[in-house]
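Per-chain numbering from 1; labels A, B and C assigned in written order.
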């Protein structure tokens, strides 16, 4: 029994890493621009499908490299044309618009690639498990955790070491002052959105190896991402990371005792956190 | 204030766009006036099936089969001399309220003669209750839960696909003798999954087997790793996956990545070519039941059917779903011709015991609609998933090892719980 | 025309359309059941808007109380007594009681935290409905029951087979609920809610017990949404856990925002457009999701205050 729980904690961290990747992208966009991107799952799907399409030309690794950037580029276009009009308005409008966008993306991917689930081939050496005991540590899942860690590290470096990152962090605190200081806020928001979508695209490429590749692939990941952000605390990226990991572990451990509750437990977790500590685990007082 | 003034950016005033949109909207609403001038004397078949969501691929194939049947029927003169028209509505993959609403729409507004649907077992049952209340002839092409021709059967509701019990009975002997008696279930938590599990549990009990564990997962689960970890710990002889649509793909992918196909035996009941098509080569494992398979070299008419469907599906072979749609529509024509009438009660009576002709059956053993529960007795194809043979068709992903007659796998009518009351 | 008479004319036009709907719906490609559905979901959206548009508080978990209303009806008819009025009473009582219990727990929260907490509670109810198979039959839902004809003693209204009769029953309930909501919103209590919406801090400084008002608004809003839920079950002769899920809540929010949050009739217009559009387009094309999605995007871009927001603005200027 203890072993089972331990296994599930470890496995939960793996799944949690994946949730965290999604949630971080969502959090970036929410923090700077106040936009609730309900289409995040749709961008995940786009990332997955682009990777699938690219594999015959550039192979698995080429697709892994290129697809998130392409997705981010699409995200930047979407921001320029649509999202930009939402700034300054009630966040509910961003919800409605991105919800409509999510519909369009789902239908669009179905139209282009079909409703059938497409077979996504991962390289042979990644497929097998690394240990007979810890059989759930497959090469692919470990690879995924490594990639998420690299992405998080990369994000951290961007945010702390580059000018763009500095501006994003400053903008999250006070966008108006930043604008007065001469920073082009439009471009900043645009790039920030692109960064967030890059993470969704990357999550999509990773998901394609684990889940069935069909237009609804992103659907079940939207809610856990929001919950991760809230549990971790709005406005806090480390909080989002922690939130994602926590949800993954909670879900995994619950499966041991009550498998049907594994989906519901994250909501219970969120309710408990909100009632005890309304700003989330690592959130700042007074935000939102 | 919000950034950007839409007026100046676009060059067109916002008011103009709104007026244009309003005009377009009025045109859209006015369009039905043109629409309702349909031929009032066509025979209308209403298909209320998922076209979006997780069952979209299955629904698409049922639709292809249905459309092919309609074309063929019209080429032969239609039903009772009248042209057949297929009206298609998207029930969504899981929203019963929408499925029921669309069924009402097809019946009340479009006045369909026959209702077809649904893939989702729960939606099929909800629709069946509506069609029963309104007395409309209804065929369920691909919704498997036992109750549709069992505890909640109705005189006007017929079913082409197998009951879940037929599926489990057809394959359980194979699994018990080949692998052993300790089974672990991972099951989708709705009518279909529960029904399958009950069927297997009955088989296990009869053979003194043990259920070493079971996990119910909600429809739409993407990650099964925790369930697989539990399953592995229980060390079963067979890991039985009773999952629907994409959940099956997700679970199989993950199970094979965990190496579970080497540690235990993966099996289940219903499997679909759409699922196998979506798996990478290494995940094509397991023992399953197919309800129809395209490679039947010794059965007449099948090759022609496969060729006809390939033309309409962009080169892909028909699946069991394609055949369900095809057989359902043809059954309407056959029943109407037999009864020489479109009156539901007469057609339903004509369907009792009706045998499908070979061009519609497309399988051995003369399937027929059983009297008393309106359930078709087809042939079930037991076998295992395989990588496509070198030099063979890339869609030859299933190896049939045994053909089981539906009658042998089904419960007798008095044990299905079906009590049918006919209108006087 | 001045503002008041313009509003009265608008109200009159809406009631006229609603009362005559069963007769003109079929001529424009609709059907009576569609009208019934619009009324019921419009009631739910208007109930949500009592909290959202008029108190300024967003709930994303209203479907829980909507669903409880529906389950109350289904379980009463199926397991207890097959009586439609009793079933409605039980459903509404269940939904309102649950809301009254949840309310104090969340009344301290604001903004997106309040909204997410309502989702959390909603999902807990969803989970219970999903798991408690012995009572609710889980994801398969409660079937094999139907709305019972109304027996008034001297006459019987066959709401089961006569779809027009059912439509008018729903319309009567809708009218009563809407009248009650309007009355509350015009009362001093309603004015206080508006004050809280406009500036909560100032309201607090004026000595208004803000948390208590929000709790009351919440309970009232859920009361009306559970009525809608009860009617929803009666319309479908079916209920499943999906009625409780967060995406159902999301639909109510969308309808309110689409039609105009700040307007009383906004959610009705939003519901009508949302449902009719989806129903109509999905009959004609597989790609209805693209069109509906595009529609939402366009509304947000070109109708900054929802569809009725345009009319309101012109009236003011």
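We take it that a contact is a pair of C-beta atoms (placed from the backbone, for glycine too) under 8 Å apart; a residue touches a chain by one contact, two chains touch by 3 or more.
Since this is a predicted model, take the numbers as computed values, not measurements.
Think of each touching pair as a link: the shortest run of links from subunit B to subunit C has 1 of them. Looking at A-C and A-B, the interface holding more C-beta pairs in contact is that of A-B.
If you average the Cα atoms of subunit A and of subunit B, the two centres end up 34 Å apart. Residue numbers of subunit C whose C-beta contacts span two or more other chains: 130, 288-289, 301, 304.
Multi-chain contact residues, meaning those touching two or more other chains, occur in subunit B at positions 2, 6, 52, 189, 218.
Contacts with at least two other chains are made by residues 85, 89, 106-107, 260, 263 of subunit A. Looking at the complex, you find that subunit C touches subunit B at residues 26, 28-34, 37, 130, 138-141, 143-144, 146, 160-161, 163, 232, 236-238, 240, 242-243, 279-280, 282-283, 286, 288-289, 298, 301-304, 310. Residues 1-4, 6, 52-54, 56-57, 59-60, 189, 215-218, 220-223, 225-230, 232-233, 246, 249-250, 253-254, 256-260, 263, 274-275, 277-282 of subunit B are the ones that touch subunit A when the two sit in their complex. Interface of subunit C with subunit A (complex): residues 58, 105-106, 108-109, 111-113, 116-117, 119-121, 123-124, 126-127, 130-131, 246, 250, 253-254, 257-258, 261, 287-290, 292-297, 299-301, 304. For subunit A in complex with subunit C, the residues that touch the partner chain are 82, 85-86, 89, 91-93, 95-97, 99-104, 106-108, 111, 223, 226-227, 230, 234, 260-261, 263-264, 267-268, 270-271, 274-275, 278-279, 288. Contacts from subunit B toward subunit C in the complex involve residues 2, 6, 14, 17-18, 21, 28-29, 31-33, 35-36, 51-52, 87, 89-90, 94-97, 100-101, 104-105, 108-109, 121-122, 125-126, 129-130, 133, 145, 152, 189-191, 194, 218-219.
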